[in-house]
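Think of it as A, B, C and D in the order they're written, each chain with its own count starting at 1.
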Amino acid sequence: MSELVAQLIWNGLVTGALIALVALGLTLIYGIAGFIQFAHGEIVALGAYNFMVFHKLMGWEIIPAVGISVLIMIIIGLILERFFFRPVREKDPMIPLVISIGLSIGLQAIILIFFGPNILTISDKTHASISIFGDKILATPSQIIAIISAVILMIGLGVFLKKSKIGKYLRAVASNREVAQVFGMNIDNSMKWIFGIGAGMAALAGIFLGFEQNLEPLMGVHISVKAFSAVILGAVGSIRGAIIGAFLIGLTESLLVGMGVIPSGFTSAIPFVILIGMLLLRPEGLFGNRFESLRR
Amino acid sequence: MLKIQELSKKFGGVHAVEKFSFEIKPNHITGLIGPNGAGKTTAFNLITNFLPRDKGEVFYKEELIKKSSAYKLVKKGIARTFQQIRIFPELTVKENLLLAMSHDYDNWWNSFGNIDENLEEERIMELLKEVNLEKYLEEKAGNLSYGQSKLLEILRVVATNADLILLDEPAAGVNPTMLRIVEKLILGLKEKGKTLLVIEHNMPFLMGISDEIIVMESGKFLCQDLPEKVQKDPKVLEAYLGG
Amino acid sequence: MKNFTIGLILGILVVFGYQQLNYNPSVNSSEAIVIGGIAPLTGDAASLGIQTQEISNMRVEEVNKEGGINGRNLEIIWEDGKCTPGEASRAAQKLIGIDKVSVILGGVCSGETLGATPITERNKVILFSPISTSPEVTHAGDFVFRSAPSDSTQGMVLADYANKHFKRVGLISENTDYALGVANVFEEIFEGEIVREDYLSTESDFKTRITKLKNEKLDALIINPQSPPKYEIILKQLQEQNWKTPFLVNEVAAGNAESSIKFKDFLVKNKTVGANFIVPESDELNDVLQKYEAKHGKKVEYLNYTGTSYDGINILIHALSQVENISDTESIRDELYAIKDFPGLLGKVSMDENGDVNITYTLFEFNGEEFIPISE
Amino acid sequence: MIEYIFSLIIITSIWTLLAQSYNLSFGLTGLFNLGHIIFYGIGAYTAAILNTRYGIGFFPNLIFAALVSGAFAAFFGLLTLRLSGHYLAIATLGAAMIATVVATNWVSLTNGPLGIRGIEEPEFFGKIIQADSLEFVVLMLIIVVFCNFLLYKIFNSPFGRIQRAIKDDEIAVRAVGKNTFAAKSWSLILSAAFAGIAGCLYTHYRLFLDPSIFALPEIIILILMVVVGGRGNFKGAILGTILVIIIGELPRFIGFPDNIIGATRNLLFAALLIGTMFTRPQGLFTFFTEKE
């Protein structure tokens, strides 16, 4: 029994780590730009497809292929910000949200046209799994790397935001954009930072997701929808909240279905049942404050 | 008219409002002053149920106001304006006022029926004439100037024909000519038997129209007296100059 | 700004109108017989849809080179059914309304066929599906035919084998019309205990379900996916969790060895048996496979459906050739019902009173290279 | 040719009603509800289940579909209407996902992925009205025009004015003594009822129904129709619907290679949505309806 639980917890941690990587980008963007970036899922998908092109088709080694894919997606993230979101930044936040929905279906169509509808695998080699923690848990190398890098990035981001100059700068902008502008803070390059970091992490999540499952044009949608819930669960704009929200969803999904509490057909509804349930108890999210409604 | 007892509200560790009690007499204009951050607007929000009260009771016409939702208070006769002007930019000036008037259409079924617009229109024109905004009747409220929007917000409160009117810095950012119109409007309300509680930083203006002044400092009641006395009271000066 | 929008709308209307004017459907003109085609050209099932389209078009080109049907060329207008009933019925509406077809080859997914039947039945248009295997298609309508066997036979064959060998089995089944058809029949006939795990087509994370099943002390695992990609992900995650029981797979898995070859040692070690209908070795089959590979530069992905789609188009061409006026669908329908021992890739094909064919499923075992028929 | 035109008219009219119902809650009140498709799906399934199991005909089904969808909206509103903006968007998107899962798994009610077949066509005093026939088109137009007339009344009533005010500033609406929670709930209930009717029309037109009706892409098309038409703009929504459907059908006719028809359609939609948001967020057709 305990072996089952251990494996389920490991599965939950892996899913949670991937969701967290995506959710962190979303939280940063929402915290500072003020809207949920719906096309974030497509950045995840494009990251995976890019890696597949470099690694599988062009035969690059894994590390350089990861590097180039993450770099390309950071550039694409910056392009999206510069041409699609900067012009409408001062407008009512609903407008960039709808634009990001448009971008989402547009990018999905582009993936479909370039890579075709068929399902592709990220690499032909299937890695046998190794047992860890006293052979209670079976894990593949990519899962282990995924969790390690996710943890490193989370801590790194936390430290970056707290300690580094740019980090403090971003947090100031996040707390009140108008005030920051008054003090002459350059909003444009703080946007560059968050969209760049967000895209980079999303690309990485895409690559790890590619190792977990196959590549399909809609792979981004499925994980980003879970990431949205994680972001809201944690109270939007709080890094800590998003991480905990992500792991909460990953673990609950794995344990509830794994232990047979919920029939497996309902798995994909679990993140939202948690979200809506939680929003009823604490509408401002786990870590938010009650002031949300009164602010202009 | 309005009795507040032991009103208090804490955000995290900060006591925004602490054991704040006062009473205002009917058909009086009472000013509420205090340095920035004294908790004046928070007090407004607590009285009008826009913010849940931690402790304290509010009595309006001797009746205890429960912690019900904010909209119910308007029917009881308490209406307010906001520090940042909250009018409906996409609606016309006429619609802004119509909304405030038809509050007796609250059950949903007959809010589909069309109320007798011309009866309402007369009253609207009357109100607009008082502040000579009548030619903006069909204009979108968003196109009004800052001063005009301020007036519209006050008119909207009047349109709810509430007995107790709470104004949050009606004079802020208003040019002198417009200020006289605001003054005339407020004094007009008093003649009509209304009671007003006004937060304001423009001292000469407030002192001129108020019958009494309440002073607040960092969430606590400092004093309540006639305008002349309050101006000379050393405690007040010290509070303003930073104690 | 105003004239921009007026211009936009007028531009669209002009294009739309012009498109209509010179787009005179060439149906019933003396040169070509035009029939409709509905297949999933996008989405998960696109690989099967496009293969069906390619095989049918390939066969049509051959027939036209040999003089077509009674001297008239055959042409298929394909519409994307997207494997959903809604899109398939809109496609059928367009083919019947605009292109005036009286015969439609398709749908591929059972959902497509079922979605199109209300429209084709009402217009008495022949709907001939080369692939749909859902039991619901059997009684879908008088003008509905198919050249693929019904799932109910597949479920029976799998359950009989399971009854002989296993007491307690796990069942990973996709929540789609096809897969449910097989799973439900299997559950009726299998006497032992079943631990069932369903999943939605949008899901691709089975780690949790596999972990749960591993804890259930099963003798075997039935894998019942709708499409090969899902089959491959399931196998990948089973391998990652060192699954150690024999497998019983449906025709989607048994029908194309390519997916199974990627996991051949894992499958052979655990012993994998699958249900499929025989596509017997024949030089006619090899000829078709070579021509396909020559034309498209890739191997056929679904061997069993190659058989049904090739036989399907041939049966349809045969029926069309027996009739002078192809809009007389009653006679086409009678011709199709009259099909007896038609020489096809799948052997002697005969049509029963419901428009189903007499092809049955048999069992195959995966030997690492391909699925070989076994007796039992 | 005629049948195809009829089918296009019928599809457009169903979409017009659905888009107008969405225009009420999303356009007028500003409820950013990404789950509006749930009401459409519930209406469709109500009609399908009542018809196939209890033989209830088309016309009574219209009422039942509206009632069931409306009732669900009331419950749904309790769950979500306390939220605002992005919270509401994500929670309602999640609800749409849950709806798909429930429709697929609750086999005893919805027959699961096998879907419901054999739904009867509408019957008018004994005469079966066949889909794609002139009578069907006329029937559809009558119902859709009548519903739009009701919606027009709602848009321009004091109730509609309160909804527009809520979109501008909900706090201020509370300050003038309106129960904004009830107002938003009624907006959602009414828009759900009309969406339920649209669902019922779809069921009795397609005669086959499966969980794909709750699919995500539909909601994006709905947003597009209302945004292009101009949020809260009554005539705009109708013109927006027609424009989007024409653009949606274009790739099929311009003869794009089959396998990228779907993709090009979505690309056109994406371009239109982003273009509208950049150039005229208040909608493409405001000059038609400037006096509105």
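Methods note: a contact is a pair of C-beta atoms (placed from the backbone, for glycine too) under 8 Å apart; a residue touches a chain by one contact, two chains touch by 3 or more.
Not measured: the values here are computed from a predicted model.
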item: Chain whose Cα centroid lies nearest the overall Cα centroid; value: D
item: Of A-D and B-D, pair with higher C-beta contact tally; value: A-D
item: For chain B paired with chain C, centre-to-centre distance based on mean C-alpha positions, whole Å; value: 72
item: Gap in Å, rounded to a whole number, between the CA centres of chain D and chain B; value: 42
item: Centre-of-Cα separation between chain B and chain A, whole angstrom; value: 46
item: Distance between chain centroids, defined by C-alpha means - chain A, chain D (Å); value: 31
item: Contacts with 2+ other chains: residues of chain D; value: 101, 104-105, 171, 259-260, 262-263
item: Touching two or more other chains - residues of chain B; value: 50
item: Interface hub residues of chain C, defined as touching at least two other chains; value: 41-43, 46, 175, 198, 200
item: Residue ranges of chain B in contact with chain D within the complex; value: 48, 50, 69-75, 79-82, 86-91, 95, 98-100, 102-103, 105-106, 108, 111-115, 156, 160
item: Contacting residues of chain C [partner chain D, same complex]; value: 1-2, 5, 8-9, 12-13, 15-16, 19-20, 23, 41-43, 46, 50, 53, 78-80, 82, 84-86, 89-90, 93-94, 96-98, 111, 114-115, 117-119, 122, 134, 136, 140, 175-177, 180-181, 198, 200
item: Parts of chain A lying in touch with chain D, wherever the complex brings them together; value: 30, 35-36, 84, 87-88, 91, 93-95, 97-99, 101-103, 105-106, 108-110, 112-113, 116-117, 221, 225, 228-229, 231-232, 236, 263, 265-266, 268-269, 271-273, 275-276, 279-280, 283, 292-294
item: Partner chain B, residues of chain D touching it in the complex; value: 153-154, 157-159, 161-162, 164-165, 167-169, 171-182, 186
item: For the chain C and chain A complex, residues of the former touching the latter; value: 41-44, 46-47, 175, 197-200, 202-205, 207-209, 211-212, 214-215, 227-229, 232-233, 236, 239-242, 262-263
